[in-house]
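Which chain is which? They are A, B, C, D, E and F, in the order written, and residues in each are numbered from 1.
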Amino acid sequence: MNPQLILDNVLSPPILFFMLGAMATLLRSDLEIPASIARFLSLYLLFAIGLHGGHELSHSTLTSQTVLVLLVAMGTSAIIPLWSFFILKIRLPVADAAAIAATYGSVSAVTFITAVSFLNAMDISFGGHMVAAMALMESPAIVVGILLARTFDKRSTSDRLSLKELGRESVLNSAVFLLLGSLVIGLLTGDDGWDTVKPFVHAPFKGVLCLFLLDMGLIAAKRLRDLRSTGVTLIVFAIVAAVVHAMLGIGVARLLGTSPGDALLLAVLVGSASYIAVPAAMRLSIPQANPSLYLPMSLGVTFPFNIIVGIPLYYAIIQAVWKTT
Amino acid sequence: MNPQLILDNVLSPPILFFMLGAMATLLRSDLEIPASIARFLSLYLLFAIGLHGGHELSHSTLTSQTVLVLLVAMGTSAIIPLWSFFILKIRLPVADAAAIAATYGSVSAVTFITAVSFLNAMDISFGGHMVAAMALMESPAIVVGILLARTFDKRSTSDRLSLKELGRESVLNSAVFLLLGSLVIGLLTGDDGWDTVKPFVHAPFKGVLCLFLLDMGLIAAKRLRDLRSTGVTLIVFAIVAAVVHAMLGIGVARLLGTSPGDALLLAVLVGSASYIAVPAAMRLSIPQANPSLYLPMSLGVTFPFNIIVGIPLYYAIIQAVWKTT
Amino acid sequence: MNPQLILDNVLSPPILFFMLGAMATLLRSDLEIPASIARFLSLYLLFAIGLHGGHELSHSTLTSQTVLVLLVAMGTSAIIPLWSFFILKIRLPVADAAAIAATYGSVSAVTFITAVSFLNAMDISFGGHMVAAMALMESPAIVVGILLARTFDKRSTSDRLSLKELGRESVLNSAVFLLLGSLVIGLLTGDDGWDTVKPFVHAPFKGVLCLFLLDMGLIAAKRLRDLRSTGVTLIVFAIVAAVVHAMLGIGVARLLGTSPGDALLLAVLVGSASYIAVPAAMRLSIPQANPSLYLPMSLGVTFPFNIIVGIPLYYAIIQAVWKTT
Amino acid sequence: MTPIKRMEIVIDATHTPDLIDAIRAQGVAGYTVFRDVQGAGDRGVRRNDDPAGISGNCCVLIACEPGEMMKVVEAVRPLLETHGGMCLVSDAQWLKH
Amino acid sequence: MTPIKRMEIVIDATHTPDLIDAIRAQGVAGYTVFRDVQGAGDRGVRRNDDPAGISGNCCVLIACEPGEMMKVVEAVRPLLETHGGMCLVSDAQWLKH
Amino acid sequence: MTPIKRMEIVIDATHTPDLIDAIRAQGVAGYTVFRDVQGAGDRGVRRNDDPAGISGNCCVLIACEPGEMMKVVEAVRPLLETHGGMCLVSDAQWLKH
């Protein structure tokens, strides 16, 4: 594996700002991004990713391979929580195990974007349908997580939970809704629509991402500090799950015969964990689960691991595999 | 009338985001734009419209027709509240009637912008002075509304109200002040000034508008829900007033012999109702008036009606009229 | 001296928006920028200036003159507080004198940017290392100010103050940290990094500056009002210090043989006073000092003086001096 | 001025809508909500800083008739049991206007 | 610690400057303002979400001498009559420092 | 419900972390923080509007055992002496859940 890849990845402004934020927390600087701004930056990113993805989709033809990739992506999002749950249940209460499992079944949009930047920087192409894959991977994990909690511990889920509620949590969740809505609007309005919004959602995207990652660095370092007190097992899980799931993603991509670019994106989707949509849904529907477990794991461990080490690592593996066969 | 026009208008990103926001409210998604962000987006829009309008003005020559259009625009803003007041007074207390009347005399900057986008998308030209017309239409309605309230019900207006206060409410009102101030700065600094601010106020404008309209959709749907309890009469007024006033605008434009583009903008100005400047002024100077009447009417009914149905409808009429004569 | 220079400077959008903001306060308009937005705009400016400066640095070669300029800049930042302190101590308590002294030793990033715009508008070149000079001038003044307070009045500084704390206040202070961090990231990522962030930090910069200055105008006028009650001496100090220090900057620049552009920037750095980094540090480490003295002086007097009158005045002097010799 | 019970409830921002539904169901029509509140308690520090918006609290202030107080308390209790938070009750005078 | 009256007033954000002028006119120099407060009462739900900024409340906290209390209440009353809102008064101890 | 002391402290936003350290050092693990609070007092008007962020206040609400109250007060007092602010203490009932 090529250490240059890791270095190049680390030396990009988004990653460096993430590290600057983490440093600010560790050195106890009083740097802070106002909460409403941070929330807006994340709305902006979802809005921009959605529109961009929708526009890409409007150009791509629906081949059977594309459909297969989408189905497989949704499938992994539904299956990953299953084994994660049973492994986590050995040590943790049902509610916590289910919430963490759902978190790891789902995806991190910002990890995905970082992988896209990585591919762009190396001039490697990838399919426009991968954003759709990402958008479709949020909901199945939420549904499976809730069902697991409800099956193994009735009291752990919110009383008002019905099947209707279930659909609602997984699709009307603000992050999922904005992402899917923007995707559909991008698809419906095609090139004409894209031309009007492009100067707002495309050109400044990377810069906004830097500021967002600065904030994520601030937060991730705080969460990591919180997590230390809970013991090291969960930290290990957060890294092992990332790598194992990414390998699964790579394996599946190989079987489907995708391009190396699509393979990296699939690896990153399968290997990443949600820290916006799923935590918000879990807080509502599995209130017994402790948010200071599932959030810090995905935000403080898996996320930094993936964007700093994971992406170049997975890509090195993909290069090796795609070459040999 | 051409249904394609409505469809094309609806299929533009701003309108689709408005509808996405409304859907989020109706389906009870927890999507929310932080209040400080929403306020900032609206400051940005006023700032951008003002600078753009000022720059356009700095290029347009002051013909007698231009002056006439500006005077007529201000005139309608002062006269509309009169009849609206007497009609509304049949059913409503003086304070409410006056506040609603003022709201409908004034204009909605975002409706105006949406009409401008509509014209741009269809490659129809219009005069740079129309932004000035818009900026000048806020204040007269405020003054007339306050005077009506004070004449017909002394107790309804704020005690501290003097003539000086009156001028203040109508010109120093934050929305009016920022719009007029930016307009004057755009005019004073001309092309050189415009070049420095353009990348911030021009290129990303449409994208910001989408986010703002997403928020407006969220809010409008909530207000509409609130309004249902007050009875259907006011909803009917909110639509009829839009259409009747727009027809008045078209008629006046025809008499003045403007271009079809200017006619649409005049129709939209006369036919729209304020939901920023005037409500803020009414809350201060006619505190007895119920804000849960005048705000929902303009924000929840007239605004969506105009941007979705009104603009293409008015334009179809203009096409018909301008062709026949 | 050429009055045209002042006029041209005043007729630029940023300065006009500053004046619009001040007018809004004086006329008692209710115009207001939400606090979280204002904080974000100032984070954005530091982030953008830092990245821009880092990118410029990555292109400039480190000559002995450059190094000399940086050292001198840091030197003035450390020395100015000394005499300022002893002059101010005649009238004021030790804590206040030390805090104001530190404020004037340090720099105002926005004054610096305004001078850069001024130079750009007149097509005058300047060195990329000047941003580094600015970034390096924040900390020495903070350290000297704290040491002065501690030497002359033990009780005035915060108990927890150790040498380690001292370093922390001066470097981990959020404004200094973000500026230096962005500078380093800009330097590390060079042209490739710059290309990805440029559309966010470069093109819209001037427009954001206008909005920020609108807010600064609102605030500066309020502070000036507050300051009137404290007596006119401090207002006089705030103007005299600006001019005297700027002259010092010009003198030093002449001795070092810099270009006129660099001379203006040095004058503006030496002549300006901090209203973000230093006040924040003083509040923490010299809590006895009254923030309603040091903040209004720099924000309400020195800042407007420099951006409106100072910059063209200093430049006129530079032109005269550089011509004669 | 009349005597009144002043209740203040700090709860997870995510569950504030549920809390409001619960008190409305008891006939309480007046309340005030403070958003974006941080804090610490049994469940650790809540910094209101994560992008999912699940680490913030809200504080809800309710002035209610002394007679209504207990039923509001009982409506609130199950929510606090599941989600954590706190509820303080004190005496105050209400300015009739 | 000395006994003091603790007043908290919830009023329309738009009219908060008037409220502050009114209490200042009574010689009250100390107060604390909480912005962007939501709520519900006789005049319906106030979500603090409209672009005109007229659907938000502020909460003003005033600690004043027991002797001053009634004149502050009387200064506040007409504002609440016209604009709605609420005013609670309770007893507290003030930490002299 | 058990009797409890309700303390509310308004302090400079800049010094809020120090305040929290001070009360934590007294063993207080529960508190609620309201950010971006404006006000006026002996040190003039604090508008929470400057870019350095030094003109804003925070309000910290602490519910603590009556027995703990005095030691918290004593921990808070030196901070208020140096930095200004205010501290009110009143009685309340805590809903056990």
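The rule we apply is simple: a residue touches a chain if its C-beta (ideal position, glycine included) is under 8 Å from a C-beta of that chain, and two chains touch if they have at least 3 such contacts.
Remember, it's a predicted structure, so these values are computed and weren't measured experimentally.
For chain E, the chain whose average C-alpha position is most distant is A. Distance from the centre of chain D peaks at C, each centre being the average of the chain's Cα atoms. Averaged Cα coordinates give chain C a centre that lies 39 Å from the centre of chain E. Chain geometry summary: the mean Cα position of chain A and that of chain E are 45 Å apart.
For the pair chain E and chain F, the distance between mean C-alpha positions equals 19 Å. Our note on geometry: chain B versus chain E, Cα centroid distance of 34 Å, whole angstroms.
Those residues of chain F in touch with two or more other chains are numbered 34, 36, 90. Residue positions 35-37, 39, 203-204, 280 of chain C each touch two or more of the other chains. By the touch rule above, chain F contacts chain D in their complex via residues 1, 4, 6, 29-36, 61, 63, 90-95, 97.
Taken in their complex, chain D has these residues touching chain F: 8, 10, 34, 36-42, 57, 59, 73, 76-77, 80-81, 86-90.
Contacts from chain D toward chain A in the complex involve residues 12, 14-15, 36, 43-45, 47-56, 82-83. Across the complex, chain A meets chain B through its residues 35-37, 39-40, 43-44, 47, 51, 168, 172-174, 177-178, 181-182, 185, 188-189, 192-193, 196-201, 203-204, 280.
The touching residues of chain B, when paired with chain A in their complex, are 11-13, 16-17, 20, 23-24, 27-37, 117, 121, 203-208, 210-211, 214.
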